[in-house]
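The two complexes that follow have chain A in common; it is paired with chain B in the first and with chain C in the second.
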Partner chain A sequence: MTAAATFFPLQNGETVLLPERLADLTGLGEFGVAGELLAAFIAAFIVANIMLAMTGVAGPWAKRKITASFTDRIAVNHLGPGGILIIVADSVRLLSKENIIPENADRPAYDLAPIVIAGSALLGFAVIPMGSGIHLADPEVGLAFVFAVAGIASIGLVMAGYASGNKYSMLGGLRAVAQNIAYEIPLVVTGMSVVLFAGSLQMGTIVEAQAEPLVTIAGVTIPSWFALVNPFAFVLFLIANFAEVGRNPFDMPEAPAELIAGYQTEYSSVYFVLVYLGEFLHIFLGGAIIATIFLGGPAGPGPAELGIVWFIIKIWGVFFLTQWLRSAIPRVRIDHLIEIGWKGLLVLAFANLFLTAAIVGVIA
Partner chain B sequence: MSTGVEETPDVEREAELEELLGDRVLARETHLNAPGVVVNPGDVQDVLFTLRDEAGYDHCSCVTAQQYEDRYETIYHLKKFADPTDEVSVVVPTPLDAPVSQSAEPVYRTADWHEREAYDLVGIQYDDHPDLRRILLPETWQGHPLSGDYDQDKPQVVTLSEHANPLLPDHRDSEGDTMFLNVGPHHPATHGVLHVKTVLDGETVVDAEPDIGYLHRCEEQMCQQGTYRHQIMPYPDRWDYVSSGLLNEWAYARAIEDLADVEVPEYAQVIRTMGAELCRIASHMLALGTFALDVYGEFTATFMYTFRDREIIQDILEDLTGQRMMFNYFRVGGVAWDLPEPREEFFAQTRDFLDELPAKVDEYNDLITTNEIFQLRCVDTGVLEPDVAKQYGCTGPVARGSGVDYDLRRDDPYGYYPELEWDVVTEGGCDNYSRVLVRMQEVEESAKIVEQCLDILESWPEDERDIQANVPRTLKPDADTEVYRAVEAAKGELGIYMRSDGTDKPARFKIRSPCFSNLQALGEMTEGEYIPDLVASLGSLDIVLGEVDR
Partner chain C sequence: MCMRFELPNVTEMNDWIAIGALALVGLLIPLAMMTVSYLLRPSVPETSKRATYESGEVPTGGTRIRFNIQYYMVALLFVVFDIETVLLFPWAVVYLDAIESDAVSLLEILGPMVAFVAILLVGLGWAWRSGAVQWAQTPRQVDDT
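Right after this comes the complex of A and B.
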């Protein structure tokens, strides 16, 4: 098969969601609502485990390996091939540590924050079409839903920040709010320009809209991924996304050199794992949104069954980019960050939206 | 060292001083480095103001305090930034039963910390001092360790004054909108155990006061218990312990060689110069890497790259001295041994490093200094005006980053520096960015020096390789000889004051640490700026707590 291979739109227009397929396969559908619920639960379990497994690989192992290759080092290499078994060792280590809860912690909030941080990110994957039929739900407001649940994480960060009873955490929490407010709006506004192209908030439709061929050069058909149709919006979205998930150069809420990891400072053991998981899930969720609305979702050369592979490659690409920036770019200062958000990105995002609207209007 | 050439200006200078100070001079003393004037404890500010404003002694390099059998004594070692060889020591004796002297703080800001240290360790009180508290020891410490009647067997009960309210009195009510934040002593950006008491208004620093002493190891006391000949030299390596060892050793070597009148063979001076400049490169690499760490975040490629390059120097120095960090390579009157055999291999290895260095410096420029976010972070932050820098006695790259053209290697020549071609780097930006630029250019200048030293060493006739002068087995300088000598260490002017009492151990050994003086300016640099600037400024000062606390 050549590179000119056709890009398969997701399930050829007819969306079969994972819970339905499971219900059919296992015969659970025959048990009515209860059966469907169970099927949906199993499907959610599968999706959550895919994401958690990826986070597990990314956190203890890939992050170290990637950073090491940027900085001329080797990193983990003792346990298993390429040190991959460090994942097991680290899991045991992290889970077996004492969970130290500071005296001044505001208990219910302190305990809830890690769950909110990790849970909100996980919720977002419910509407992401991952290809190969792995798609939990496809509501009409899919994109709005994903932005909404990702935004819940800010509440988690604030809770963690103030409930820790630590001034550094407090500062980190405050920074997180300021940053999220400043960047969520450009993020959503830029996302809206994609909606104008696709004409729908539904994730499935957005992905399908990108399957149309854009141009054909020498027999190679280039699909109309929105990253190619509107690269400006893509770059804007990428930047806003890094700020939204708090990665370098916008890792202000953590800023280890200044705030000693900010809102995370007081978390240990399982709580720390949850916060850390949440962070990685957020990077991946950001990657998933970018892949879905700009990079054609699970589309790629080869049969449609390979969709999940392409999807994972795309979100890992975004993850790789975050690690690259982490090694190479200085952190911006908090006041600059807010300025970039309100005076730069917001204006550009609206300019992009109006231009897109005008262009789409003219073509239509 | 005193030759006929030097004596004429000395005589002139003393005449000038006499005319200037008139009958405020109680007596005259002669220190090996400078004329000394003895003044009344009540005349200190008056005399110092005169010396600063009329004679141009604008650099209070060091304040030494000590106790004699019959009196306490404070010595202000004054210099000129324009000409550091023009020195004068102002000696202020105070009686044993009432050791009270006027503070020099209104004249030289830097005297603030120096006098606090004198009070802390020796026990002299300074009138008119804005904040005479202990500085190195805990506030609850009993007694003054370097004073005569100190009982070191007495157990110290050190309690934390837990309920001390660090907030300003007008900020204690709930209306107050500032927050007190302890930055350190365990904080990733404090480069060791430094504690900065910070008052914040939002993210803006209202007040930053460094609290030091966590790494105080009685280095002065330990040096006072060692013999001049061999037992002191290992200690300097442990002051600024991040690969500046040879530079520090040179400070002691220079002081003792003046005190004991030892002439160092030229060949040894070339080796010293080369070793010292290699140390400077290593030290500046580390400064650059950790600064990048402070500005970039948790982990950055720059940090690892600087460590990679520093590692090569460390290998070269290990070949030269036998040690990676704690070299103990200098000896009184020379160095411990000649270059490692085979010499060709050592030369080739060092030249390889120097050949690769320009490309690496370019890489750093690509990575750091030309990065726009980096410039945004560093340009016009941590501003230290030249006048302020001088007032605080800042030296080294910190002063040169503020446009103060002051480098002891050129202005108070020693070693083989006068024979070599190199430039003193200054930048006029006065900000964090300038200090980074100064360090990066100094790396290149140091490389030039090392290269020339290699050429000289290579062509040195084999039968004239004298690595040590003929120094007696036991050094006993004449009693009551005093000397204060400084060298240009990686962080600035590293000075040592020694007074001999006729034995083989110094009666007083005082270290003038450049980091100590530089760190004092932190508050001035960061007030009104943001927390990230505080971290960046601290990083750009490039302090090593081992040297601050000694």
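Right after this comes the complex of A and C.
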């Protein structure tokens, strides 16, 4: 793999981020700091709404349809073509429900938890390059930032679990912490093996490094996506990611058969919407990290303007995989979860890191 | 900030302004949804509607009691390994650069980090043997640790 030699020096010459592009298009850049702030705000609003639209489609509609096809059912089909208008109906229904606050609730924390869960998941998308020029910010610490922000969600889960004053919620919140501390380290260490190839934490640079051709078979050039360069790390990262976002087979924090709905048992109305939204945003954030550091970000066949399409296909691919596992794989038991994390994944993650380091060192 | 080549007619902006803007949007969207819901939803207070949900039974006992959360030792291990991942980040970033510049040999850059992680893994092995990395412990294991 001689391509590694061309990964350096760091070059980020052509990257124009979304706020800058907006500032130039609208002429806001001429208004100094106020114009910059407004351009950044509009850009952030666009990025947030792209992701909200995805969760809107995924939560009330796609999830039901996918699970139904796996279990030979039809699911929503009354409103609109394929039942797609259930999205509107469900949003109105849930927002207009009475908000029942349980009598044992610890008030400020109970009200803040849904905001923390939804807001933190949204914040992670700031550094994700979505293609077609939709990239909000590209700081040098991008990958560390996205891991840090994704970790905030577990604070929200503990707040929700403790503040509800419900025994099921409490156990769900505690399980969420157990799970996060068992899988955060394998996740970060596996992500680090990508940094060894790219030599940077900056998302733009990591994506650029994956544009190098790996091999050419019969005229088709295969790019050096890190999933192809290092498939072992890719599989490890996928597993750790499912545990991090709390999806099957690692969905103990909610475990409907044991804990009703875990930390969200006592939430109703708009609070439930926010917690549910946060969960789906978190799945998509996991998908976006996987797409960016392992699947070449917005890269794909065709012109560069199609970037956003490829990015959406990739994150929906990861979402589809979570729903597939949900239908196909039984839940891991909580004591097994700790053992899989600490005795299995952690050791494998370090083995992968040093094996990758040795290979990069010998080749470079 | 970022190493960017100056392009004509393109405004350079600080990345953290945009990230701060998204944090603000991430706060405003939930608040807006809460406001919409506040305007739409009914309020019908009834007796025992607000009771804690315990599968339809009358709730018994308090929730915030002291009990064994089973992973205290695991949480301590997490703190150690979490700090260690922070130390790994700068090493991983300079790794390729250092190798390619031929300033240091492979052994010089890989060796110390392998030794450092090996010490931590020996610690993990010890915790593993003494049963700390387990959800449920037998009374004998609890006495030992």
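Just so we're on the same page, the second predicted complex is superposed on the first by the 351 of 364 C-alpha atoms of A that agree within 3 Å, B and C clash if a C-alpha of one lies under 4 Å from a C-alpha of the other, contacts with A are read in each partner's own complex, and residues count from 1 in each chain.
Here is the rule we use: a residue touches a chain if its C-beta (ideal position, glycine included) is under 8 Å from a C-beta of that chain, and two chains touch if they have at least 3 such contacts.
If you're wondering where the values come from, they're calculated on a predicted model, not measured in any experiment.
When the two complexes are overlaid on their common chain A, residue A:A137 makes contact with chain C while staying clear of chain B. By the touch criterion stated above, A:Q202 is placed in contact with chain C alone, chain B being left untouched. With both structures placed on the common chain, the touch criterion links A:P256 to chain B but leaves chain C unconnected. Touch criterion met: A:F350 reaches chain C, while chain B stays clear of it. Judged by the touch definition given at the top, the superposed model places A:R331 against chain B, while chain C stays out of reach. In the superposed model, A:V273 lies in contact with chain C only, and not with chain B. Looking at the superposition, the partner that touches the larger set of chain A residues, chain B or chain C, turns out to be C.
Contacts of A:L95 after superposition on the shared chain: chain C is touched, whereas chain B is not.
In the superposition on the C-alpha atoms of chain A, the part of chain A touched by chain B in one complex and by chain C in the other spans residues 167-168, 260, 334-335. Considering their complex, residues 179, 181, 187-189, 203, 292-301, 303-305, 308, 367, 371, 373-374, 376-377, 530-533, 535 of chain B touch chain A. Those residues of chain A that touch chain B in the complex are listed here as 67, 70-73, 167-168, 171, 248-249, 251, 254-260, 326-336.
Chain A makes touch with chain C in their complex at residues 4-5, 7-8, 10-20, 23-24, 29, 36-37, 39-41, 43-45, 47-48, 52, 95-104, 114-115, 118-120, 122-123, 125-127, 136-140, 144-145, 162, 165-170, 174, 177-178, 181-182, 184-185, 188-189, 192-193, 195-202, 260, 265-266, 269-270, 273-274, 334-335, 337-339, 342-343, 346-347, 350, 353-354, 357-358, 360-362, 364.
On the chain C side of its complex with chain A, the touching residues are 1-5, 7, 9-13, 15-27, 29-31, 33-34, 36-38, 40-44, 49-55, 63-64, 69-71, 74-75, 77-78, 81-82, 85, 88-89, 92-97, 99-100, 106, 109-110, 113-114, 117, 121, 124, 128, 133-136.
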